[in-house]
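Two complexes are shown next, each including chain A; its partner changes from chain B in the first to chain C in the second.
The block that comes next holds the complex of A and B.
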């Protein structure tokens, strides 16, 4: 059973959730694709730490398994796949985006404020342990969406997608102390398969267009 | 005011004046070590200051009164600002004299005069440095104010001594992780920008195209240069004390007993030297950003400090 007092536990969980949000902002401000992948891996590590803390403090054991899977899939396997893609494509940095980085940061700030506003009425009803995590999880989901629509390169769009997944996992941990084990296993498998498929598709896009710039796909005609 | 308060103020002045060259020396030493150079000893800045004070200053014939007056204004305003920041004891004797706003604008006063002096000497580099410093200063100022206010809201006071005292007494319970973490990251970025450290400015460079702070003080020599350098060291020390004592006030003295003061002194020196090492490592890990990329870094600091404030307002009230 947990030996930490609940307020220290809540303190640590909130700290880790805040670190997740900070890595989101680092990804938004980052141009180099390799660094984006590394930051995503770091975010997944923080997510796993949060999940482990929640598992330890609540005594719900299957969250440990989810944390281990997070480390294995999102912090090790998927970043390796993505890095391999980046090396093969030979694109190191994102030169053009739909919005420049300072504007992107301000938009993300607005999205986070929006997330806080939406969750504000329900945050007090949640578990004491993960009170702030729900607001932060929604903010991460919104930032993930923003990255998916604002970046042109397929690789960063994938990172945006995976960030949304991280946000949803955090939300599940915060709001319901984790989903049933079978659902979590299904999601991890989905994410892994999605990562593989996207890897293959990125190659196809590269071969067809000579670039992984997805905005060029607008030129497709029947 | 009691006699002990005067003693504490004098102790604080000597601590800030005496320790700031050491911090600069530690950062240089760490950088030299990481770059596989021998490097000067950590005491080298003291010898530099002593040498500069003995040299005769040279003043450009086009310079007005602003040029020779600026080092004194800069030095005294920075020293006054340092008296508002708790170092080894939490309620500073002079805490009634000013709060966060006084601290930020005392520092801004020195920066403002330094910018004027850069223009005043009439050299092209000085003007370029001043215009760049104006960009950086105008971007850091809102972020600095907001990040300090985010912490002030949790503590319920805008007085730095009160913030540190409350956090120290309650053993970190006042600390509120998500907003404070954002404020801490913002304040760290601002520290690097305000004190002219690597991602924003390079303190070791004399390459005309990249320098900011060095360009402004290019025309200074002798005792004026010594005062400007010393003030820069004190500013670094103020920011490091803010980082150390607002976010980690562990070990700071909250009573006047000699043992608490001694422990406070030891812990403070340890924390500040530790932060100096962190900054030295940071400088070796990152390349200097292009001037137009600096807005991205400082924009991130601004957004984070704003979010820290908004977080408190929305989710904590």
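The block that comes next holds the complex of A and C.
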């Protein structure tokens, strides 16, 4: 059982959640695709540390397993797949965005405020240890959405999707001390398969369109 | 008796896996005919079982009550005829040399997996596992939509992957919030996500958490159900996917997404009362019907036409569920008949696509003369989808309209208005295709195998539609009687 006083534990969990959020902003501000992938891997490491802290402080052992899987899948396997794709496709820079970086950062700031606003009525229900993490998790989810809609390259959209997954995992760990083990395993499996499928798709899109710029795909519309 | 539920869920997985070792096309055809038969029969047996002796459980994670049995019936029958049709359709592509044997086998493995996870989703007891199964359906559907690897197919597939993944992520957030609220009551355990357990303590769940959770669930699973304004992937995916897949997307996947929304609606209603979810469902339903009824007229591509008609019908069902009372009956009856009619229409559309190799409505008039099987399928299914009596969709639309008139007349006027518009636009487009004189002379013919399989699939679907229009089996009557209490609804139906 925990030897740390609960309030110090709570500070540490909050610190880690805040670091997760910080990496989101770093990804929004980053143009180089390789660096984006690295930042995503770093974010996953912070996520695993948060999960380990929660597992240690609460004594719920299956969260350790989730932390190990996070490192394995989100910090090692998926970044490798993504880097391979980036290298194969020979696109190093995200030169085109719908929103420029300073505006993007401002919007993300607004999204964080929105997330705190939405979760305000429900945080009091949660466990004392992780109360503030729910809002941060929602903020990460919203920023993930923002990245998906504001970037043009298929690879960056995938990073946005994976960030959303990270936010959801933080929400599950922080708000509910993890989902039941069977559910968590299923979610990891699905995320991994989703990563592979997206890899297959980017490859085929590159072959068919000669680019992974999704703004070129506009044949289908009303 | 638990074997209907076992057969229904295990068959597609087993036959799908057998595709890894079976390399003979003839054997694959036979296996899938067996699968089609088992799916249709076991889904009916399951309905019978549940309506007579109550919920069925198997292992620790499968639990089928009346609601599950209803969706098993919808998905099971259409999945059965869809399998038959796919055998014919893909076989034709193979005979023409459009797909290799390897791709043929890949298709059926994915297709079976897709049907299997959808059936799993409506029978698992744990809401988290339901999410996993629905995500599984998303991923297998993503590969099926892009199966033809043309530019259009890849664009549609990519759009589907991105939008559905976002949607499903929102739904997971909603599920986490439900767990967040329920574990205060049921403890940190798997049972805190079992809907049967949740329904026992539903009234003690925190109302504000459940409200926020339901919004996330509705927007999330609503993306998969194709609700306006999250529908943008739907016409592209239905238009570009191989036709058997389009039929399954429309008839099964949208239905499965509605199932997921209903499970959470029942729970949220217990915590906060029916007003909140009812208003949301009515709003999304109404906008879906209104937008699609107009856009139907603008379509030049017959598969996209059918896709927009799906958005319209899912919207109508949602209005029924949102109204509550007998509207729930209307919604359920609507989903069943829509699935049968829409898949029949897609089977017909697929045959036209094979012979004409394009999808322009304006260039395929005179189908009744030129291609009777496809013409009759589109004509009958078109009448059903437009809501002509005596078919089931007429019954459900009238039920919903009457129910709306009794509870909220202003909604009823709007509903009848958009319904009339949709009736006119859809029927206009369908009649443009089936009547008149054939225009193109240089068309290919459908091979005998494909013709036999698709006629069989069409016969089952159209036969079931006519049968359900004239007569209501006792099992279905009892099943609806068992579902209505979940929604606090009662009254005389039929």
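In this section, the second predicted complex is superposed on the first by the 219 of 222 C-alpha atoms of A that agree within 3 Å, B and C clash if a C-alpha of one lies under 4 Å from a C-alpha of the other, contacts with A are read in each partner's own complex, and residues count from 1 in each chain.
Keep this in mind: a residue touches a chain if its C-beta (ideal position, glycine included) is under 8 Å from a C-beta of that chain, and two chains touch if they have at least 3 such contacts.
Note that the coordinates shown come from a computational prediction; the quantities given were computed from them, not determined experimentally.
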| item | value |
| --- | --- |
| Combined model on chain A: chain C and chain B, fit or clash | fit |
| Touching partner for A:19 - first (chain B), second (chain C), both, neither | first |
| Partner chain in contact with A:59 - chain B first, chain C second, else both or neither | neither |
| Chain B versus chain C as contact partner of A:101, first or second or both or neither | first |
| Residue contacts with chain A in the superposition, chain B compared against chain C | C |
| Chain B versus chain C as contact partner of A:198, first or second or both or neither | second |
| Chain B versus chain C as contact partner of A:182, first or second or both or neither | second |
| Touching partner for A:117 - first (chain B), second (chain C), both, neither | first |
| Chain C, chain A and chain B - angle at the middle CA centre, rounded to the nearest 10 degrees | 150 |
| After superposition on chain A, the shortest CA separation from chain B to chain C (Å) | 17 |
| Chain B and chain C footprints on chain A, overlapping residues | 119 |
| Residue ranges of chain A in contact with chain C within the complex | 60, 118-119, 121-122, 125-126, 134, 138, 141, 144-145, 148, 154, 157, 161, 164-165, 168, 171-172, 175-177, 179-183, 186-187, 189-190, 193-194, 197-198, 200-201, 204-205, 208-209, 214, 217, 219-220, 222 |
| In the complex with chain A, residue positions of chain C that touch it | 126, 128-129, 131-132, 135-136, 139, 142-143, 146, 149-152, 154-159, 161-162, 165-166, 169-170, 172-173, 176-177, 179-181, 183-184, 188-190, 192-193, 206, 208-209, 212, 235-236, 239-240, 295, 298 |
| Complex contacts: residues of chain A adjacent to chain B | 7, 11-12, 14-15, 17-19, 21-22, 25, 29, 101-102, 105-106, 108-109, 112-113, 116-117, 119-120, 123, 132, 135-136 |
| Residues of chain B that touch chain A when the two form their complex | 173, 175-178, 181-182, 185, 295-297, 299-300, 303-304, 306-307, 310-311, 314-315 |
